[in-house]
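After this come two complexes, each holding subunit A, first together with subunit B and then together with subunit C.
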Partner chain A sequence: MSNVLSNEKRGMRELGAEKKVGWNEVTHGVVLHSFEDDAADIALRKAEDRKYSEFSSYTATVASWRVIKPVYNRDICIDCQNCWVWCPDSSIISRDKQILGIDYDHCKGCGVCVEVCPTNPKSLLMFGEALSSDDAIAQWPVKEKKEK
Partner chain B sequence: MAEKIDLQEIEVWDGNYAAAQAMRQAQIDVVAAYPITPSTPIVEGYANFMADGYIDGEFVMVESEHAAMSGCVGAAAAGGRVATATSSQGFALMVEVLYQASGMRLPIVLNVANRALAAPLNVRGDHSDMYLGRDSGWVQIDAFNAQEVYDMNLCAFRVGEHHDIRLPVMVHQDGFVTSHTAQNVRPLSDDDAYKFIGEYKPMDELLDFSRPVTHGAQTEEDWHFEHKARQHKALMDARPVIESVFAEFEKVSGRKYKRVESYMIEDAEVIIVALGSTVESARLAAQQLRDEEGIKAGVVGPRVIRPFPFDAIRDALENCKAIGAMDRSCPGGALGMLFNEVSAAVYTTAKRPLVTNYIYGLGGRDLAIVDIKAIFRELKANADAGKITTQIQQFIGLRGPKLAFFETREGK
Partner chain C sequence: MAITSVKNLKEFSTSNDRFEGAHLLCPGCAHSMIVRELMNCTDDNLVISTNTGCLEVSTAVYPYTSWDTSWIHIGFENAATAAAGAEAMYKARKRKGTLKNPDAPVKFVAFGGDGSTYDIGFQWLSGAVERGHNFTYICLDNENYANTGGQRSSATPIGASTTTAPAGRVSYGEKRNKKDMLAIMAANGASYVAQVAPNKWKNMAQAFQKALSTDGPCYINAMSACTTEWKFDPKDTINISDLATDSLAFPLYEIINGTELNITYRPKNVLPVKDYLAAQGRFKHLFKPENAHVLEEWQKRVDEKWEYLQRREEARV
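== the complex of A and B ==
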């Protein structure tokens, strides 16, 4: 499971860094195939086991304009999967109903995951892009007490 | 399984019904339509065939022509054989999606019963809608009568669906004059027609779940130019494909078609270039002038408007002396499209025949044989003088003071 968070095919290039070919080599009608092989069983294969094509955004990093990022705190998370359900970019990585972390190649930093996180304190919080995840977790807030 | 129809050797059909019959024989998967005069009976007739059990397919009634062509784009991308019909304002509303269809390389067949564009609102025939589509990247075929509407529909599927072409195809006919005039039509049997068109072989269809595919991706300055160039190349390459489809059609029908139709041009001094039913009127006028006045008159009608037959039209015109290019669309502050494109073609010949422009027939205004004869006589005067003797663009059949623009600088 170690290659799930940072596998070698995901986000391997900047968007627009694909090989530029001439007019005689481009596909007709801007037709772009998502996979390099037969994908009839694709729903049963996990992302890291799929052969995404060069023109699938899976193989590109499309997160270069993100300025704030969600950081995931495993110690608080209850694996409810709310963030996985709501993320508009499929950037919450979960396996066997256990959250593993964030796909930073595709996360745009919208913060929906933080909004929908039900724990106290939240298991996902937004931090500046430059801050390391370890430093972020070191400043994690404590549980808020209910006011009587 | 759809029922077949036993057709007579000669049927009496108008252009609209001929189109509906050809669409029925093509065994189309999806027709998405929003009827508009004068093309309404095409999709109405098709819907009748479906209600009566003669069609296996989907007929989608939508809320506008924009939606009609959008439905066609979706169905074609999904992998179906697709067609529809429209006219005028409906065509104008489709324009945005016409460019989507050609850019996405989807072989949709669109029947257009040509009609004027508002304002003023007008339901009669002229070529404003045809001209509006001329940069849309579609193959545009023009039928001059009901028989040709039928024949060109069968050919349109073959051309557009050819895997080297994969482009949408319009089949034009004159609103009312062709679309609503019953004429003798010799159809193929259902089996022969389908055998000629053949089973549809989709490419990169969305419904192939083993090869998921994106259609209509966005491209910016880094890719757009290459894709448009490839699309243009495919359209230019459609010329020999159209010729081979016409040759095969001749084998099954006995009827011979060319990208540029020519009548009596071998010895012609003066030639009228026109589109639609005007070609047939001009043929009659030319024959009468030959018989009555000895004027060596000929007629050229581009069967295929896009890809523009720059090569074939030059072959047809280069040996005459004077050409009248007839445009049935208000040129909007320029010379007419046929004038401009015909002039460009013959400008690259050694003899450079004289070309003048006639704007006629707007909003369904009739063009009589005597009007065409008068044009031929003017062309004859140009040929004899060796220069243009009239103004270069003239409006004909118009009430009020003579409306004409530009004079030649030859001989000054």
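== the complex of A and C ==
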């Protein structure tokens, strides 16, 4: 299951890195197949059980859009799934009602997940892109007192 | 219809994504929150049409697609036309017995922006609803033509500054009132009509599921807070949406068969509408003393609309 968080199997490509095709070379009425196999039961399959084709944006990355990134702290999280439902980039990975972590290939660093996290201190916080997650967790704030 | 449980968020989180990341919508864009939730709230096959606008240009950047279902891109005015055509063909082929898998459940959905829905695709949407196609039309209402740089549409509310109705020395921005698409669609004969907002995820999922399981044309107006054109920080999409629903700037309600109106969300504490307006750059100028009358007008219209919705709900009309 953890392989859903590793990007090796996806053969990640930076968007726009592929050979450019001129407007007059694009095939008319082009059909892009998202999967390499029959997708009839795709709604019943998790990402790790799917064969994404190279046409699916799942196999691409927008990581370079970020200057800040969310870091996830499992110790405080109550698995409420707020961050999962509101992430605009399908980048919070949840399995069996538990958060596994952040998909840094697709996260754009908007910060919505941090805003909607209800714990105190928050279980998600934004840090500079260059900081390692371990270093971020080492400087996690302690519980804030409620303002009276 | 194979419905995903939306009893609570934990259960809903076991659904599988069919809308993929690495689309190119702005960070914090609400369009994707709405689309992903629609796709996660059913296991049925989906045939989706999307016309030109932010959603389409950002999710089908050749050679990529972010869609894990059958998906058709069509011109600006024709989201409804494409879904209606696919639905009609599906029915015909089912009748003739030429479908490969006639028993597989299929739902037809169209996504359009407010520019295409309220203005440019209005006639085609009206026709598809009139013909009674079995489909759900979802308007991603960000109250402007976002993809072309923020021009006003007939969904733009009074006082908003847009590139074609900018606020300045002689104008406070948009002068006209927002068109009431829900009333129009209900009068047009839509079987189910609802206004939803992504911050109320359960309310939205329930409306989606009702629409998908209703036989006949359905129209859903989904508020889609636009970080770029409403001018707020991308992290605040849900905060702004909360202000919109809790100030009743976007009241959430449904109309069944054109006659039965139900309010589907009642804020515990109704916020003043100026709290919602103050959080967005597009309304910044309204807080100058000379524009105080626009703030008053805004609040008055919100109060009148809420009063009207409550009266209709009470009278069961």
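In the analysis below, the second predicted complex is superposed on the first by the 128 of 148 C-alpha atoms of A that agree within 3 Å, B and C clash if a C-alpha of one lies under 4 Å from a C-alpha of the other, contacts with A are read in each partner's own complex, and residues count from 1 in each chain.
As a working rule, a contact is a pair of C-beta atoms (placed from the backbone, for glycine too) under 8 Å apart; a residue touches a chain by one contact, two chains touch by 3 or more.
Just so we're clear, the structure is a prediction, and the values are computed from it rather than from any experiment.
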{"item": "Touch count on subunit A, higher of subunit B and subunit C", "value": "C"}
{"item": "Touched partner set for A:Val30, first subunit B, second subunit C, both or neither", "value": "both"}
{"item": "Touching partner for A:Gly22 - first (subunit B), second (subunit C), both, neither", "value": "first"}
{"item": "Partner chain(s) touched by A:Glu48 [first = subunit B, second = subunit C, both, neither]", "value": "neither"}
{"item": "Partner chain(s) touched by A:Ala40 [first = subunit B, second = subunit C, both, neither]", "value": "both"}
{"item": "Overlap of subunit C and subunit B interfaces on subunit A (superposed complexes)", "value": "21, 26, 30, 32, 34-35, 39-40, 42, 55"}
{"item": "Touch list for subunit A against partner subunit C, complex", "value": "15, 18, 21, 26, 30, 32, 34-35, 39-40, 42-47, 54-58, 60-62, 65, 79-82, 84-86, 88-91, 94, 96-97, 103, 105-112, 114-116"}
{"item": "Partner subunit A, residues of subunit B touching it in the complex", "value": "103-106, 166, 203-204, 209-217, 219, 222-223, 225-227, 229-231, 233-234"}
{"item": "Residues of subunit A defined as touching subunit B within the complex", "value": "16, 20-24, 26, 28-35, 38-40, 42, 55"}
{"item": "Subunit A-facing residues of subunit C, complex", "value": "2, 9-14, 16-25, 27-33, 36-37, 42-45, 59-69, 101, 104, 198-199, 201, 233-239"}
